[in-house]
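Common to both upcoming complexes is subunit A, partnered first by subunit B, then by subunit C.
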Partner chain A sequence: MAIFSQLTVNGLIAGSIYALVASGFSLIYATNTFMHFAHGTSVAVAAYILYTLFTLLGIPFYVSAILTVFLTGFFGVAMYRVVYLPMQKRKASNIILLIASIAILIMFENVIMLFFDANVKSLQYIKITQGLNILGATITKLQIFIIVFVIILLLVLYLFMKKTKLGRNMRAVADNKELASIIGINHIRISDYSFFLGSSLAGIAGILIGLEQNLFPNMGTWLMIKGFTGAVIGGITSVPGAILGSYVLGFFENYAIWFLPSGYKDGIAFFLLFLFLLFRPKGLFGLNKGVKE
Partner chain B sequence: MKKIIVILSVFLLMVLGCATPDTTTQETTTIKVGVLGPFSGDAASYGESIKNGIEVGLEASGLDNIELVIEDSKCDGKEAVSAVNKLISLDGVQAIVGGVCSGGTLAAAPIAEQNQVPMVSPSSTSPDITDAGDYLFRVVPSDAFQGAFGAKLVYDKGYRKLGVLYSNEDYGVGFNKVLSENFAELGGEVVASEAHERTSVDLRAQITKVKEAGADAVYIISNSADSAVAAMKQIKELGLEVALFGSEGLKGDVITDNAGDTAEGLFVTSVSGGTQAFIDAHNAKFESNPGPFAAQGADAIQAIAWAIKLGASTGAEIKDNLYKVEFEGDSGSIKFDENGDVFGSYEVFVVKDGAFVAEE
Partner chain C sequence: MIENYLMHLMILIGIYIILVQGYNIALGYAGLLNLGHIAFFGIGAYTSAILSKMGVPFFIGFILGGIIAAIFGYFLVYSTRKLKGDYLALATLGFSFVFTSIMLNWKSLTRGPLGIPGIMKPSVFGVIIKSNFEYMIFVWIILLVCLYIMWRIIKSPFGRLMEAVRDDETGLKVLGKNTFAIKYKAMMISAFFGGLAGSLFAHYLSYIDPNTFYLMEIILVLTIVIIGGVASFKGTIIATFIIILIPEFLRLLSIPSSILGPSRQILYSLILLIILIYKPRGIFGRVDLT
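Then we have the complex of A and B:
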């Protein structure tokens, strides 16, 4: 029993971390319909911004955290304006944009290394202690916070996409850019918003993951792979779906380890991705065509 | 027509470019030595530390006709293969210091052997390297020794139920095998042996299994600081009250700085951190203490320098002379056996108040 609850908790923690990355990625995908893999960069950049502001400059944590979220949002808009938009204006296909996004991902990994060196860094904000004991499983306060935060995020994003005007406009742009333009929606403005919001989510992810797992230059790549897998499982076109898919991935990985040698952990994740791509490419909650949620 | 001329001239230049290394090495006495190691990616801290050691060693060797060419292998087999190809074909190196990670070294070794370029690794400890060809040397002892040493250390400290967390690649798999066999031979029991991806920072599933198995000591075999720090943090969070042991990859300020209290009491088996003279020279040059394998980096380049001093200038000659080299290095006595291995000794360090101190 203790084992089962610990594995469940482990799955919840892993799923929440993947969901933090997947939600922003999926939000940007939902409007722009191309794979913004450089979203992983935003998470890493956020963690290092926080490290600079809080750990190096000594600015109070909450001020640093709020600044980090805003700066990461603008970093996302800058990527859109400097890289993607000029390419879109030249009629670049979504494949070209995907390649550009991978280029950004690799480039910033090295830029971070240039400024901060390759060593692991820690934010030194929370003292590491033994977790609380709940039903035989141990979990730290930070981890509980992350899980609760992600569940609230799931609800907020669902309501945002469904009920707000901006959310509806985003879905309209995703559905048909030209048609949305005709009825007076500025699709570039909407993309700005989606990059700002999606990257701000990456900012929050960077803060929480930085606290939970420390910082290293290629953290973005690693997180993007898992976040993307979660998003595909849940349905990449649906933001709440991406979050739920991340939990499916987290649970599946952790439960499967109990029966299989632990060296297969990442293999299991990609096996699941492979199954979904083969048999249910739209994911658990995605729709066949277009973007509706 | 213009295009054809341009293409032709580029082609011609490439042909000439390929032919030049041989003639230049004969005209001048400069000998190019490649440095193959991770300079990006999560193992880059080892690459940097070794590179600094190499520079200290090169100065100490007194030779001024060695030119270093640095190439990034990212601690990865594929990358190591392209890096070693570039070093040999494009840069025309006659010898290589490297690789750093066992996986990359084992992947690069056949290519170096085919091109008759000897490799001297400062840090690849996988037992498989012993049989990986005539052109592969190392100044660091094989994990066949360290695994046995580590097993005895755990046993002597009075622990009988060992859990192992090892990274799932040549280095971790080789180390784990030797460690587990030796610990069982001594009369202890390896209750759990869990692999993780080399760079993974989520080891909760593995640690949960170790906890369930009732281990009283955990051995962390890792050459990724990110992963090792995460392992110690999660061991504490999951409430395992165990003694911690670590492979030499865990000995570095990066571990104590980031793992904080969780590393307190960690025992690390380590190859030599360098003689006092080396530590002083390193401090004078870089204003910092040598990192992991820096002293071995210095010894690797000095072994090559000795081979050159004995009259070698081509890769094959350097290889032949390396088997004759014998000197007191910065990390201990260096004399290669017929497999290109050295017999080394280990030191035990323990983390006290956030710093590594030598265990008596």
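Then we have the complex of A and C:
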């Protein structure tokens, strides 16, 4: 029982982090219909911005955190404006954009390595404390905070997409770009917003991961694979689907340790990703797009 | 000293031309959006390294490396036959991730992250290749044979069928051609040469670990193909020279090796991004990646 509740808690924490990455990715995918694989870079860049502002420069934590979220949002918009938009104007295919996004991912991973070296970094904001004991599972206050915070944040995102005008416009562009243009929605501006919003979510993910774990240069790639797997499981085109898929992945990874050696924990995501892409590319809740396009 | 360094570069260029030209057959000529080619390179390297550790002669391991990679190539095309576009590209990328994670975790076979050290230099018909000079000659002989075979395949009727699959698959189906068969054959050929290159690579470096076949290398291979121009035979050869040699100029600036590694990757990804934005067809490209 104790093992079960511990694995559940671990699954919940992992799922929350993956969900933050996946929701931003899926938000960007839905409005732009290309795979922004460099989304993982935003997470890593955010974590290192926070490290620079807070740990190296000593700016108060909350100020640094808010600055980080904004800077990461603008970083996302910059990627769109500098790389993707010029390509789209030249009618580049989605596959070219995908390759470009992988190039961005690799580039910034190495930029981080260049400026901060390859060693693991730690934010040193929260002292390691004795965990609380819930049904035999150990959980720290920070982890509880992460789980609750992410769930609230994702609910706000859901309401934003459903209720606000900008959210509706985004969904309109996601649904049909031409039609949205005809009724006067500027899809480039909507893309700007989606990149800003999606990358800010990645920024929040970067901060939370920075608090919970250590920082390392290829954390972006690693999280992107997890977030992307979560999005694929749930259905890339649907933000709620991507979130649910991420929790599915988080639980699955952790429960699987019961049957498999723990070394395979990271491998599981790859296998799930591959299986879903092969047999159900539209995911559990997504629209049927992958096969027909 | 300087000769040794130049020979080292020539060996790498020779191996990479086999690898990338093989990739070009699937990606460029047959239009298969494969982002997992590096896994074939890895399969060839591991097969050949493990067999050589078991005492199997080099040439058997070398050919088997290619054949096993080709079998996985068939498996890859078969399992992704219903996917198109981004999804196909990502499933193949996922395939290479699966490969890396198996190599990391199947410790009894691959020693996991420790890698396989001490891979013997090959011996050819009783002659053991020792120096870099001999290995260079050896690699370039194999390269020329491989290039000749690939050139013949591309210029054969089958080569034209591959290009037809890329340009108009439905049209070809209407003519009664089995496009699936053409695709898997193209991928198997591509994977076979990838495997051969992997074997040469493993025996040259004498050490391999799973990280040698990861995302960074995919960028390198993609950069070469795209700069040379997809479906351009000479473009790929010229681009391999350019891309392998460009970062060597960084070495002349005498910067420390901890900076050299990341700088090289940044340079590759920048070159790739710039060419994708301004000249997506590369130097000699005739077709677009779609």
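Quick note on the criterion: the second predicted complex is superposed on the first by the 288 of 293 C-alpha atoms of A that agree within 3 Å, B and C clash if a C-alpha of one lies under 4 Å from a C-alpha of the other, contacts with A are read in each partner's own complex, and residues count from 1 in each chain.
Just so we're on the same page, contacts are C-beta pairs under 8 Å (C-beta built on N, C-alpha and C of every residue); 3 or more make two chains touch, one makes a residue touch a chain.
In this text, all values refer to a predicted model and were calculated from it rather than measured experimentally.
In the model built by aligning both structures on subunit A, subunit B clashes with subunit C.
In the superposition on chain A, contact is made by A:F271 with subunit C only, not with subunit B. Once the two complexes are overlaid on the shared chain, A:F216 sits against subunit B while remaining clear of subunit C. When the two complexes are overlaid on their common chain A, residue A:I99 makes contact with subunit C while staying clear of subunit B.
Once chain A of one complex is fitted onto chain A of the other, the partner contacts of A:T138 are limited to subunit B, with no touch recorded for subunit C.
Residue contacts after overlaying the shared chain place A:Q6 against subunit B, while subunit C stays out of touching range.
By the touch criterion stated above, A:D117 is placed in contact with subunit B and with subunit C alike. In the superposition on chain A, A:F34 makes contact with subunit C only, not with subunit B. After overlaying the two complexes on the shared chain, residue contacts for A:I257 are found with subunit B alone; subunit C is out of touch.
Mapped onto the common chain A, subunit B and subunit C collide along 76-84, the only clashing stretch among 76-84, 238-246, 256-264 or 292-300.
Overlaid on A, the two complexes show subunit B and subunit C touching the same residues of subunit A, namely 109-110, 113, 117-118, 261, 263, 266. Put simply, subunit C touches subunit A in their complex at residues 33, 35, 79-80, 82-87, 89-91, 94-95, 97-98, 101-102, 104-105, 107, 112, 215-216, 218-219, 222, 226, 258-259, 261-263, 265-266, 268-270, 272-273, 276-277, 280, 288-290. In the complex of the two chains, the subunit A residues touching subunit B come out as 2-3, 6-7, 10, 13-14, 17, 109-110, 113, 117-122, 124, 127-131, 133, 138, 140, 213-214, 216-219, 222, 253-254, 257-258, 261-263, 265-266. Touching subunit A in their complex are the following residues of subunit B: 40-45, 47-48, 168, 194-197, 199-202, 204-206, 208-209, 211-212, 225-226, 229-230, 233, 236-239, 254, 257-258, 260-262. Every residue of subunit A that touches subunit C in the complex is listed here, in rising order: 34-35, 83, 86-87, 90, 92-96, 98-100, 102-107, 109-111, 113-114, 117-118, 221, 225, 228, 232, 261, 263-264, 266-267, 270-271, 273-274, 277-278, 281, 290-293.
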